[in-house]
Structures are given as C-alpha cells and as structure tokens.
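Report on the following structure.
All chains are identified by letter, namely A, B and C, in their written order; residue positions are counted from 1 within each chain.
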Amino acid sequence: MDVFLQQTINGLTLGAIYALIALGYTMVYGIIQLINFAHGEIFAAGGYIGVIALSFLQARGVLERHPILGLFLAFFLAMFYCAFLAVALERVAYKPLRGASRLALLLSALGMSIFFSNGMMLCQGVYDKAYPHFFTSGGFNIGGAIITNMQVFIMVGSVILMVTLNIFVNRTRLGKAMRATAQDRTMSAILGINADKTIVTTFVIGASLAAAAGVMVGLYYGSVRFDMGFIPGIKAFAAAVLGGIGNLTGAMIGGMMIGMVEIFAAGYLASEYKDVFAFIILILVLYFRPTGIMGVQVDDTRV
Amino acid sequence: MMKKPLKFIVFLIWAFILLFPMLAVNEGQFVWDRLLKVMGVLAFGGILVMAYNAAMKGRSLKSAMFKGGLPFKVPKKVMIWTGIVIVLILPWVTDNYAKDVAINVLIYIALGLGLNIVVGLAGLLDLGYIAFYAVGAYTYALLNTQYGIPFWVALPMGCLISALAGTVIGYPTLKMRGDYLAIVTLGFGEIIRIVLNNWDKVTQGPNGVLGIKAPSIYYPAIGDGGFQFAQLYMKNLTWLYYLILVLALITMAAVNRLNYSRIGRAWMAVREDETAAELTGIHTTRMKLFAYILGAIFAGVAGAFFAAKVRYVNPSSFVFLESALVLCIVVLGGMGSIPGIVLGAAAIIVLPEMFRGLELYRMAAFGGAMTFMMVFRPEGLIPAKHKRPETDVGDVPLEEGRGRAES
Amino acid sequence: MLRVEDIHTYYDHIHALKGISLQIKEKEIVCLIGSNGAGKSTTLMTINGVIHPSHGKITFLNMDISQVPADKVAGRGISQVPEGRRILPRLSVADNLEMGAFLRKDKKGIKKTLAEVFDLFPALAMRKKQQGGTLSGGEQQMLAIGRALMAQPKLLLLDEPSLGLAPIIVDKIFEIIAHINQTGTTIFLVEQNANLALNISKRAYVMETGLITLQGPAKELAQNEDVRKAYLG
C-alpha cells in the first residue's frame, strides 16, 4: 500500500510539472493554432536561469543567509527571462508567418527549437549543470510513504501558479480578452482587442509557467541539461492534447494524468520504456478522441 | 530611413538581454569576454548588411539573395555535363575521406528524396522519418548476422518490412490534421528508437549489431580448376560509392516520374486542399498512405545500404535530430525540387566537413537557417517548378495563406 | 459623420465592391439593402477595418480610417453587430458584454451602461452567467446588440439582424433598433429583409453585385417600382 501511495505522490509531483508546461502549449495553440515546438526549450532555459541565479547567489554567500529569498529570486528571474525569450521567439519566428501555411509555421517552430537547444549547449556546455544542494533534504512520513519537502514545494507552488492563472483568465479583463481572441479573433478585433498584444501576453504567461517548471525540475532532479526540453516537451504536449487542446483545465488535468501514468507504468511495468507511455497515450487520444477529455477550445473559423 | 538602424539597435539590446545570463554569469562573477565576442560578431554582421544595402541602393541583400539566381551566368548544359562527369569519376580522383563524404551525401540525397514524397509531394508533415531508415538498417543487420542472409536477398525483404512499418504507422496517423500528424510521427519515431535501445534480446540494445557483411557480388573468374564464380565483398569505398550512386539515381528517376504522373498530381491535389481533392474523386486516405509507404521503402533501402556500409548499427544513429536534418534538406533545398534536395544534402553534409572547427555550431546554424528560410524564402533554395495552369507563373506552395483578407 | 468614397474592395480574389460611395449623417438610421452576395457585408467589414479597400477613402468624423485596422476603428467609436451574431461562445453573457466595453476605462460608466443594457434586454439579465453559445438565436442577437452598445458607440453597424430569427423576435429586435436610434445613436443597417429595413430607416441605399444602384429617402424607395418588384415581394 505504501508503494502505491509513494507512486501517487511521485506521480502528482511529476504531473504538476507537466501541467505547468502543458499550459503553455495549450494556450498558444488555442490562440494561434500553432504547436510551439520551442516551448520545451523555454522550459529548459528556465531551468538554466534558475541554476545560474542560484549558483551566483551561493557564490556570493547570499544563499546561505537568505535561502527563501534566493529561491524566489531564482524563480522570478527565470520567469522574467523566459518571458523575454518567448516574446523574441514570437516576434522573430511566428509573427511574420501569421497567415502562412501550417507547414511553414511548424518548420519555423522546429527550427527555433533546434536553434535554442543547441544555443544553450553552446552557451552552457554539453554536461549537466548541477543545482546547489541547498533545498533538497527533508521530508515527512505519510502512511508509510515519504513526501519530501521539495515535492511539497513543487505541488504547492504549481497549484498556486495554476490558481493564479485561473483567476487571471476567468476574472480579469485581459484574461477574458485572451479567451475571446482564442475563440474568435476577428470578432475580438471588432471589439477593439488588439490581437498582437493578446498573443504576446499568451506567450509570456505560457513561458513564465514553463520557466517555473524548469526551475522546479532542476531543484527536484538536481541538475539541468541543454536537451532536457525535448522529451518533456512532447509529453507535455501529449498532456495538452489529452486534456483538450486550448482548454486550460484540460491541460492541468492532462498533465497530472500523464505524470501519474508515467510513474505508475515505470514502477509496475517497465521502467526503461517509461517515455513511451506518454507517446502511446498521445497517439491513442488523437485517434479515438481528438478533442480530448475536456474538449477543444480553439478559434475554428480558420480553415 | 532611420528605421533600419533603430531596429538594429533594438535587436542588439534584445540579444544582449537574452545572452547575458547565459554567457556572462559564472558562479559569483561576471565574465564578459564571450558575451562581448558574440555581441561584436552580431554588431559587425549587422553593420555589414546595412552597409551593403545602403551601397546597393534599393537592391537590398534580401532581394538579391532571394529573388535572383546564381551570381554568375554559366550555360545550363555546361553545368549539367560537368556535374555528370564529376559524379562519375569521383572515386578515381579523390581519396577515401572524400569518397566517404560523397557516400554520405548520396545517402542523405536518397533520404531527402524519400521524405520529399511524403512532405513535399503529399504534404504530410512527417517528423519521424528516420524510423524507417532505422527499420531498413536493422532489418538487414539482423537478417545478416542472425540468419546469414546476403545483402541482395535481404534488400527486398527490408523493403517489405519497411512498407509494413509504413502501413502500421501510417494507417492510424494519416487521418489526423497537419500539426497533430507531425507530433504523432515524431512520437512514433521516438518509440521505435526507444524500443531499439531497450529490446536487448532482439536488437542488442545500445550496443548495436556488429559484424554485418557488406554487399557482395559474384563474378566469373578463371581460377585453378577452370571456370568458377568468385565472390567479391564490396567493402571498398569505390564499390560502395557506385552502389549508392545507382540507388540514388534510381530514387531520383522514380521521384521524377512520380512528380509528373497522375499519382504525383493526385498527391499535390491532396496537399493543396484535401477536401477539394476528395471531392474530385481522389481517395485521399489511400493516396496519403501510398505516399507514406513509398517514402518508408526508400528510407528502408537507404538504411539497409547504411548498415552494409558501416557494418555496425546502433540506436544513436537514429535520433530525432536525424529526422529533423532530413527535413531540413527537403525544406531548405526546395520542397519537391530534386536539384534543390541534392544541393541541400550536399550543403548539410559538406559544409560542416569544410568548416571542421565550427562543428559545434552546425545544428544551431541549421535550426536558425530553417526558421530564416521559412520567414524569408519558403520555396527553398531551388524552388520546384510545378505546372500550375490555373494560376499565374511561379510556385510558392507555402504562401497560399498570405495576402488573404483578415476574416 | 461617415463618408465612404468610391471604395473598391477585393475579397478572396473577387472584386466585391466596385466603387461604392455613401454617406451617413449623425443620428440617422441608414440602411443598405440588396440580395444575397451583393456585397453588403463586405461593405460593413470594409468600414470597420476587418478588410481594407484597395482604392477609395473612408472618412469617419473627419478622420481617414480607410486603412486603419479593426481594433483601432473600434476605438474611434464604431461598433458592429456582425452577421451571425458572433457571440463569444465560451464566455458568459456578462463576460460578452464586458468585452463589448473593452476599450472603456470608466468603471462606473461601464456599470451604468450594463444596467441599461439589462433594462433593454431583460432576457439577458436573467442569464447573466450562462455561456454565450448556449443561448437561443434571438437571445444571441440581443446579446450581440447589447455587446455593441456597451461601447457607447458613435456609429452602430448592424449586419443582417433578422437572419435566422422567428418573425416575432425580429419585430422586437427592430423595435429595439429604432429605440436605440431615438436615444441618439447613429445606425447603419444592412439587411436582406427590405421591408423591415426601409420601415425604420430614414435613408436607404440599394446594392447589387458590388455597386450602389439606387439611393434616397427610405419612404421613396419603398414606393419605387423596381425596388418593390425585386425586394419587397
């Protein structure tokens, strides 16, 4: 029983991370019908900025004196940086292609994904970059399973982020404008909503969440790598599709499910093949129920 | 007039902001040399471009590069015949290194042509193409090492298995919409790689399969005792070069015929507008599957050859990056254009060899180039010339969405 | 208030508007009638900036808005109730209305306008939290009009408000349109149902395949022989 509980805890932690990344995919697809291939790399960049910030603070002795502050600073810097990165990405690779064929957009996104991951390799090297071993220890016992402090932090942190997103999207003017643009871009323009600004906002929010996920992964697994965005990126996209592309709640649920499936399948079935399960789910969902669990939410006026 | 320099300065500021944390922070210190180097290169490059534009007064670099053709005029026939001669005599005038490079180029040409059928002709976004290459390679590898089957017998078997793989993967996925198809094919490609890496019993896992025999031919020889057949293993690079050359030429011929055939036109119709194609009586699902399977077969053949040449296969040759590379070749060279693909394959293999020191920058450059091409010249380096009787001259198959009213 | 001069618009490679000129003065209701495909919707879309004309000029309140994009045109004071209502389906009624007031910054004013809209359309007041896509045709039309009114527009464009609605509801809608005009909003109405349109309008234009063929006071056109034969059944 405690194995089951342990797996659940691990699955929820991983799921929370996937959910954060999946939100970025689903929001961008919802508003401009593009699979942002480079989103995984933004997640990786977040992880890098986190470790760069934390090592800097550690070397300067700041981290010892104010660990919590340092941690939050790392998150903030990562999210801030990735927002910039995402805006640049959109301006350079996606905006000029608005209205072009899907293939062109996809290839542009793919090109940027390759460019970013290799760019990070050139800047930071091919080896893993280790996170400072500051926050990793400690945890407590729940019914025979152990839940570490880090796991609690990740779960609570992602919940806070997701709730904030929810409030933003459902209760604020800008958030509703984003949803409006995703549902009917032309009509939103007629109402005075500037599509460009809304789209940029979407990218910024998605990137911030992915950045946070990147820092969390770095803290949780202890290190980051330039190519760490590739496979989690695909899995997070699978999660977004599973939940219903364009649907925010769907992305959150999908992320959780993919995380749980991965941990359980690795634990009870075959751990070498754990990456395969997310792909299989993706293929099954797209074949049998392409609208996902919660249903698609996209501007379908575009052919 | 003042806009360009202003834009450039904004660009430099952005570059600085984005590069600073990645390049200039090391533990507790700020290290400026790498960042300044990169900023210097960017600034210098940008100034060069702007100076060129100013000097050319109206014929900007962009328009010169992308609307014109080659910078010099050579009669077509001379170019073609020179090319043919070079290709034919290559093994006799170069060393092993060059031959190896040439063989690699030809392999990628074959792959590019195969993917071109899927992506360029039929418009299916396949990001997992390398999986079929792997299937072909491993089929020959295993048939040869486990059962001693020689190359020429294994080749048709490999084709069959590749076709089977194409059917199995293609059937469920081809119903999906464009971008989803891309992700799913990527997923399949990864699944195959992971399986190859982990199914130790059959595929030897990450260790790979060793001891594959090269293709062999029998030739009549006079030996002691009279007339008999001797076996020659084509381990020699020269033999291999001609073999892959023949394979590549067959692929080229096949693609060329397909381009102008009814099937080819059906594929193009599906690519342009699937619903319309369905309405004119084209069995879109069947056609898409056929394109997919055909592409798989070409990749399988190339894969079998690859296994025979290198005589060792392991999963790391078949990573997603390879799929992306082949896609780059097709897209950068010009979708559906055979000379474009040849040029693309040559560029992607030869350029990094020439600039050995810059090898690390290779993939980053290709990624950037792919985006760059999509934004500025989606038709590729050498655009395909399709017959489009109902519209005007020129073919920019990727631009069909532009210029429409915002609606 | 609005002056359209010799507009040519291409839509999907078709020469949809072949030289349209019309005028709308303040506080008027002007209508544009014509059969299906004549180019009426295209005219509205050109005016509010979704499509841009290739020739000609559109002036609104003495400012050239010919090439101004749609979201900026909204900022100048033009609102539209588009063809097919185009309710934001997964936003609630209240949210749809809130989006109508997107460009306004006066919170108190917005609340006041919202109350006025709910007064005008009590059916909407009962369904504040309901998702837009689940409303009936008539309710959606009311929501679309309410949404346009939230912006307190200087010029209200209406594209085929009668389309797809039961006659009783259509009558109610047109009553409301007339009422809106009486409270001071200028209206430009595009309609296939010429009867209703000419009834409430002051002036009218008749459009056929991209050209204005007739214009004048609505009452006169209602009596016009050709108009009667072609459009008034």
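Heads up, the rule we're going with is that a residue touches a chain if its C-beta (ideal position, glycine included) is under 8 Å from a C-beta of that chain, and two chains touch if they have at least 3 such contacts.
Small disclaimer: the values here were computed from a predicted structure and weren't measured.
Of all the chains shown, the one with its CA centroid nearest the global CA centroid is A. Greatest centre-to-centre distance from chain B is found for C, with centres as Cα means. Note on interfaces A-C and A-B: more C-beta pairs are in contact across A-B. In this assembly, the C-alpha centroid of chain B lies 53 Å from the C-alpha centroid of chain C. If you average the Cα atoms of chain A and of chain C, the two centres end up 42 Å apart. Work out the mean CA point of chain A and of chain B, and you get 30 Å between them. Residue positions of chain C touching 2 or more other chains: 50, 70.
Annotation for chain B: residues 404, 406-407 touch two or more other chains. Annotation for chain A: residues 186, 189 touch two or more other chains. Taken together, the chain B residues at the contact with chain A in this complex read 14, 17-19, 21-23, 25, 27-29, 119, 123, 125, 127, 172-173, 175-176, 178-180, 182-184, 186-188, 190-191, 194-195, 197-198, 320-321, 324, 327, 331, 360-361, 363-364, 366-375, 378, 397-404, 406-407.
Those residues of chain C whose C-beta lies close enough to touch chain A in the complex are 48-50, 69-71, 74-75, 79-80, 82, 86, 88-91, 95, 98-100, 102-103, 147, 151. Chain A contributes residues 173, 176-177, 179-180, 183-184, 186-195, 297 to its touches with chain C in the complex. The residues of chain A lying in touch with chain B in their complex are 33-35, 48-49, 52-53, 55-56, 58-60, 77, 81, 84-85, 88, 92-93, 96-97, 99-108, 110-124, 186, 189, 230-231, 234, 237-238, 241, 272-273, 275-276, 279-280, 282-283, 286-287, 290.
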